[in-house]
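Multiple structures follow.
You will see two complexes here that share subunit A, one where it goes with subunit B and one where it goes with subunit C.
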Partner chain A sequence: MKLKRPSFIVKKNAHLNYVLFGVALCLVPLLIELGLLRNSYLTLVGSVIIYSVAAIGLNLLLGWSGLISLGTAGFMGLAAYISAYATVNLKLPFEIAVLLALSIPLAVGILVGLVSLKIEGLYLAIATLSVSEILRKSFEEFGDITNGFSGKTASYPKLLGFFQLDKYGTYILLVVVLVGVMILIHNMINGQMGRALNAMRGSEAAAQAMGVHLLKYRLVAFALATSLAALSGILYIHFIKYTYPPTWTLGMSLNILSAIIIGGVRNIYGTILGVFVVFAVPDLFLKQIPYFGAMPGFAYIVNGILIIVVIMYYPYGLIYLGNDMKKLWGKVKAKVKP
Partner chain B sequence: MSNLDLQEGLVLRLEELSISFGGLKAVDNLSFEIKEKEIFGLIGPNGAGKTTAFNCITQFYRPNHGKIFFRDKHGKVSNLIDHPVHEIIKLGLVRTFQNVELIRELSILDNVLIGAHIDFKSSLLAQALKTKKAKDEETKLRDEAIEVLTFLGIADRMLLPAGGQPYGILKKVELARTLMCHPKLIILDEPAAGLNDIETVNLAKVIRTIRDKYGCAVLLVEHDMRLVMDVCDKICAINFGKFLAVGSPKEIQRNKDVQAAYLGETEEDQ
Partner chain C sequence: MSTFVQLVLRSLETGSIYSLAALGIIIIYRTSNITHFAQGAMGMFNTFVVTFLFTTAGMPLWLAIIGGMVSALITGFTVDFVIIRHTKKVSPVAKQIITLGLIMIFVGVTPFLFGVDPLNLPQLIPTGSLPVAGASISFNGILNIGFGLSVMAVLFYVLQRTKWGLAIRTTASNEFTARLMGVPTKTVTMVAWAVAAVLGVLAGVMTAPFTSVTLNLMDGVQLNALIACVLGGFQTFYGPVLGAYIIGIAKNLLVYYVSSVWGEQLLYLGILIFIVFRPYGLIGKKIVKKV
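Right after this comes the complex of A and B.
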C-alpha cells in the first residue's frame, strides 16, 4: 500500500484560494466579450459550476460520511420545477421561490433519511433511488405543474424584486454561490463536524465510543447533500431556463457520482475537476475525435474506462495527479542540474 | 431501582450482569466493583467473555439482565443501561479497542481531537461560518490535544496521517484520544496486544502515570500476564462468562480455580 494523501495539511490561505478561484471563473464572460472564447463556453462552464454544487454535497455524503445516495437527480429536478412554478406560475419573488425550492426537497430528504438511515448505509442508496424514480415519473405525469414532456421554462433571476440579472449576471451569481458553498463546506469538514463524519466512515464503533450520535450525523450529512442538490437544481433552472423530465434520470445521479470518484473523493477542487471531466470534456474534446466522437455513447465508454483507471492508480482521484507531476518535475530538474 | 446508591469510593459496580447470544451465555451473573483511581484487571482464557463484558459496560451490547452503576464526572450515580452508547463518554467512561480503531486518513492530531467531540459546543452553522467562538474553541481543544500528545511523547508526529504509523504509536494515539474527555474510568481492551517487550514495559509505566496525573480508574482486559500482574491493584478472573475469583495479583496467582481454568483441570482436582 503506497497511498499518499497530503490533504491533512490544512492550507492557511485556503479561503483566499477559493475566492481567487471564483475570480478566475468570472473571467470567462470577459474572455468571451474579447472574442477569445466561444459563446457556448459560458453555458458549458456554467453547467460545470451548477453540477459542482450538487457534487460537493454528494461528496460530503459519499466521501466524508461513507454513505451512498442515488437520488441526486431527483432532488435537483424537484427543486428546479418548484422554483420554475413559483416564479412563473405563482409570480412569487425569486427569493421566496428559492426558499420553497430548498425547503420542500429538504423535508422530503429528511423523511427519507429518517426511515432509511436507522439501518445501514446501503439502505439509503435503495431508498433514494426509489424516491428519485418516483419524482422523475411525477415530473412526467403532473403536467399541470411541470408541462410534462414539453418541458418547463423559467427566466433569469430578478434579485430583491427589481434587479433583473442577464446571462452574464446569472453566471456571476453561480460563481458566487459556488465559492460560498466551497468555503462553508471547507470550514465544516475541517472542524468538529468533519472529524465526526470521518470517524463515522472510518470506524462506527470508535465514533460511537467518542460520543458521535450516528443517526444524527448521518442525517445532517444527508440533509446537507440534499440541500446542495436542491440549490444546484435552482441554479440550473434559472441559468439554463428550461427543463424536461429526461434530464433528471438515474444517469444524471450516476454521472455526478462518477465525477466524484474520477475527480477526488474528499476533495473540493477534485470534485469540480471531476465534474469538468464528466460534463464538459465530452463536449469540448471527445466530439472532435474523428469517427468515435460521433458515437452517441462514446462519453460513457470513456468515463467508464477513466473510473477503472482512476480507482486502480489514483484511488483518491485525479486531483492528486498534480502532486505526482510536481514530484516528477522535481526529479527531472534534479537530473538536469548536475 | 431502589439501590442507585454506589458506595463512597467506588466508581463502577457490576451487579449480576448477564448476556446471551442464542443459547450461549457469554456473560453469566458477573459482579465486581472498581474503586476510584484503581487499576483493575479482568482476565480469563480465550472466549471467557471479557470483551463481551466490556461491550456490555460501554453499551455496545445491551445486557439481558443486571445493573451497571457508575459514578460520573459530577459525582452523580446512574445505571449505564439507561444511556445510549454515544452518551457513555459524557459520563466520563471511555474505552479503547482490541484492534486499534483509528481513522487512517486523518492526522494523529485530528484523531485525538475526535476524542473531544463532546466538548465542542458551537453549532454547525457557527462552524460553517467559522465564528470567533467556534475558532477559539477549536484552538483551545487543539492545544489540549497537543498537550496530551506531548505527555505521551508522540507530539513530534502529530501532523502525520495515522495510517502507516507503527502499531505501538497507534496504541498511544488511541490512549491519547481517551484522555481528551477527562475520564473517570478508562477501559483498555488488550492494550499490550501486538507490542514488543520494551513497549509493554513502557505501557505499564504509562498506565500508572495516567492514573496519577488524571486521577482516573483503569479497567483492563489483557492476555499478557506480566503486564497484568505488574500493573494491576486488583484482578478479577472469569471463565465461560462466570466469576472465578477476585483479589490482588498474588492472590489470583495462588487461586486454584484460576490455575485450573488456565492450565486445565487434573483428575486429582476433581
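Right after this comes the complex of A and C.
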C-alpha cells in the first residue's frame, strides 16, 4: 500500500512546519486578548492539545505497530493523580512530580509491553482494557491519594521553583510540549525505528527474519505510548486543574482511538485533526445545530457514524480530504479546458 | 458451608448471564472475524426497548421480553446489512474499531429514544425461593440458570447436529472455502449477528433487576464476557461458556472471602497472568501461522 502525503506538508521542512504550527497555536491567547475569540476557546484548544499528545502516542501503537491498546485513559489518569498528589500533598517541585508521574506509568507500560509479546491482537486489546479497569477502580478506592469521587485539584505549574505560570503560560507550555512530541515522533518514524515498526506490522515473522528485534521495538513502542499518555495526563491535571474517576473510563480511550481513525492513521497532523473533530467540534458546531444539538449523546452518535464511515470508505483518514479534493478539482479542470 | 452453597448458586446465575453474552461474542468472532465490543451496548439498547414496552406501553413482562427479542433480531440484521457486510476488505484491527463505533452509536441513540432517567425492570418471577442444602435460591434465579442452560443446549444442538449449524461451522472455519462450497455465508453472518443480539438482550433482561436500567447496564457484563472469551479461548464455541461460569464463580468467591473491594480486580489480574502463560486460553490451540 502506498501512502499519499498531504500536499501542504513539505517533507524537507517538516520540523519548521511543526514549529510554525506551534506558533500559530500560540496566537490563540493573543486573539482572545484582542477580543476576537471567546474566552472559553482557550480551554477548548488546550484540551485538544492535551488529548493530541496522548493520541500521537497511541497512534504509534495502533498505526505504526498495529497493536490495539484500550488502556490509554487508565495511564492518563494514573499520571494525573500522581502529579496532583506529588505537587499538592507532598509539595514536591513540578519537575520532580513530572518525573514521578512519567516513570510509574512507564513501568506499568513496559510490563504490558512484555505481556504483549505473548499475546495477539485482540487478546492484547482486552488485556489492556482490564489493566485500565484495575487502574480506574484504584482511583475510586485509594481515597487518601485520589480523594475518591469528590475529585482531586491541582494548580498551574511552577517551573524551576520560582516561575509561576498563569493560564496563558500553561497554555504556551502545552504548545511547546506538543511541538516537541510531534518532532520527536516525526524523527522516530522516519528513522530506523519507523522502518522496523512498519516491517513488524506487515509480517512479524518476515521482520524477525530480516533481523528486527521484536522485543526491543515492541517495548519501545509501548513505553513511548504509555509515557505520552502519562505526559498528556500531567498536562491535563495542571491545565484543567481538576480530575475525578469517571473521566478515565473506557469512553475516554475510545474517544482517543476514534480520533486517530477519523483523522488519519500513521499521520501526525491527521491525529491532531482527529482530536479536533472528536473533542472540539461537538462544542463548537454540533451544539449550534437546532433540535439535534440539544439532544443528549448527539456528539457520540456523530463520532460513531464518522468512525464507521471513515473506516469503510476513507481508510486513510480525513487529513487526506484536502489532498483528494485538490486532485478532483485538477481532474475537473483538465476536463473542462480542452 | 451454607454460605458457600449460597455463593455458588448465586454465581451460577451471574455465570449464565456472562455465558449468554460471551456466546454472542464468540459466534460473531467465529463467523465475521470481529471482536464484538458492542455486544453489551446492543444488549443495553434492547433492554431499554423491553423496559419501554413494559413500563410505558404497559405490556406484560413476558410479551415485552419477546418484543425486545424481536427488536434485537432487527438490530442484528440491520447492523450486518448496513455495515458488516461491506467490510470484507477492511483489516481485522479496523473491524474491531467498527464495533467500538457501534458502541458510540447505541450509547448515543438510547437516551434520545428513551430519555436519560434510569428505569426499573422487575424480575420475571418476583417472589419465592427454594431451599438448597441450607442455602436458598430464588425461583427467578432458577429460571435464569435453567433458561441460560437451555438456550445454550439448543444453540449447541443447532451448531453440532443441524445443516444450519454445519453452515455456521464451515463459515467459521474458512469463509472463502465455505462460499466456494455453496454455503450462503452472507446469510450465515446475518443470522449470527441476529442471534448474538438476541443473546445480548437476554443477558440484559437478566441483569436489569439487580440494578437499574441505565446506559452502563451492560458494561460489567461486556467486560466479563470478553474476559471469559479470553479465558476459554476463541477457538471453540464451548470454551467461552466454560470461562464465563468460572469467572462467575471465582468472582463471587473472591469478593466474599478475600476482599469485597478488590475481589474483581484480583480476578482480572489473575486472568492477565494466566494468559501470559496460556496465551490461547483454557481450550484454545495455538494457530500455526504460515509465512
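Convention: the second predicted complex is superposed on the first by the 317 of 338 C-alpha atoms of A that agree within 3 Å, B and C clash if a C-alpha of one lies under 4 Å from a C-alpha of the other, contacts with A are read in each partner's own complex, and residues count from 1 in each chain.
The rule is short, and it goes like this: a contact is a pair of C-beta atoms (placed from the backbone, for glycine too) under 8 Å apart; a residue touches a chain by one contact, two chains touch by 3 or more.
Here the structure is a predicted model, which means the values were calculated and not measured.
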Which superposed partner A:298 touches (first subunit B, second subunit C, both, neither): second
First (subunit B), second (subunit C), both or neither touched by A:258: second
Partner chain(s) touched by A:184 [first = subunit B, second = subunit C, both, neither]: first
Greater subunit A contact set [subunit C / subunit B]: C
Which superposed partner A:220 touches (first subunit B, second subunit C, both, neither): first
Contacts of A:127 with subunit B and subunit C, given as first, second, both or neither: second
Partner chain(s) touched by A:45 [first = subunit B, second = subunit C, both, neither]: neither
Contacts of A:205 with subunit B and subunit C, given as first, second, both or neither: both
Touched partner set for A:192, first subunit B, second subunit C, both or neither: first
Touched partner set for A:318, first subunit B, second subunit C, both or neither: neither
Contacts on subunit A seen with subunit B and repeated with subunit C across the two complexes: 203, 205-206
Touching residues on subunit B, where the partner in the complex is subunit A: 58, 60, 85-90, 94-95, 97, 101-107, 110, 113-115, 117-118, 120, 122, 124, 127-130, 134, 138, 159-161, 163-164, 177, 181
Subunit C-facing residues of subunit A, complex: 62, 66, 68, 115, 118-123, 125-127, 129-131, 133-134, 137-138, 141, 203, 205-206, 250, 254, 257-258, 261, 295-308, 311-312, 315
Touch list for subunit C against partner subunit A, complex: 35, 83, 86-87, 90, 92-94, 96-98, 100-105, 107-112, 116, 219, 223, 226-227, 229-230, 234, 261-262, 264-265, 268-269, 271-272, 275-276, 279, 289, 291
Subunit A - residues contacting subunit B, complex: 1, 3, 5, 7-9, 184-185, 187-188, 191-193, 195-196, 198-199, 201-203, 205-214, 220, 266
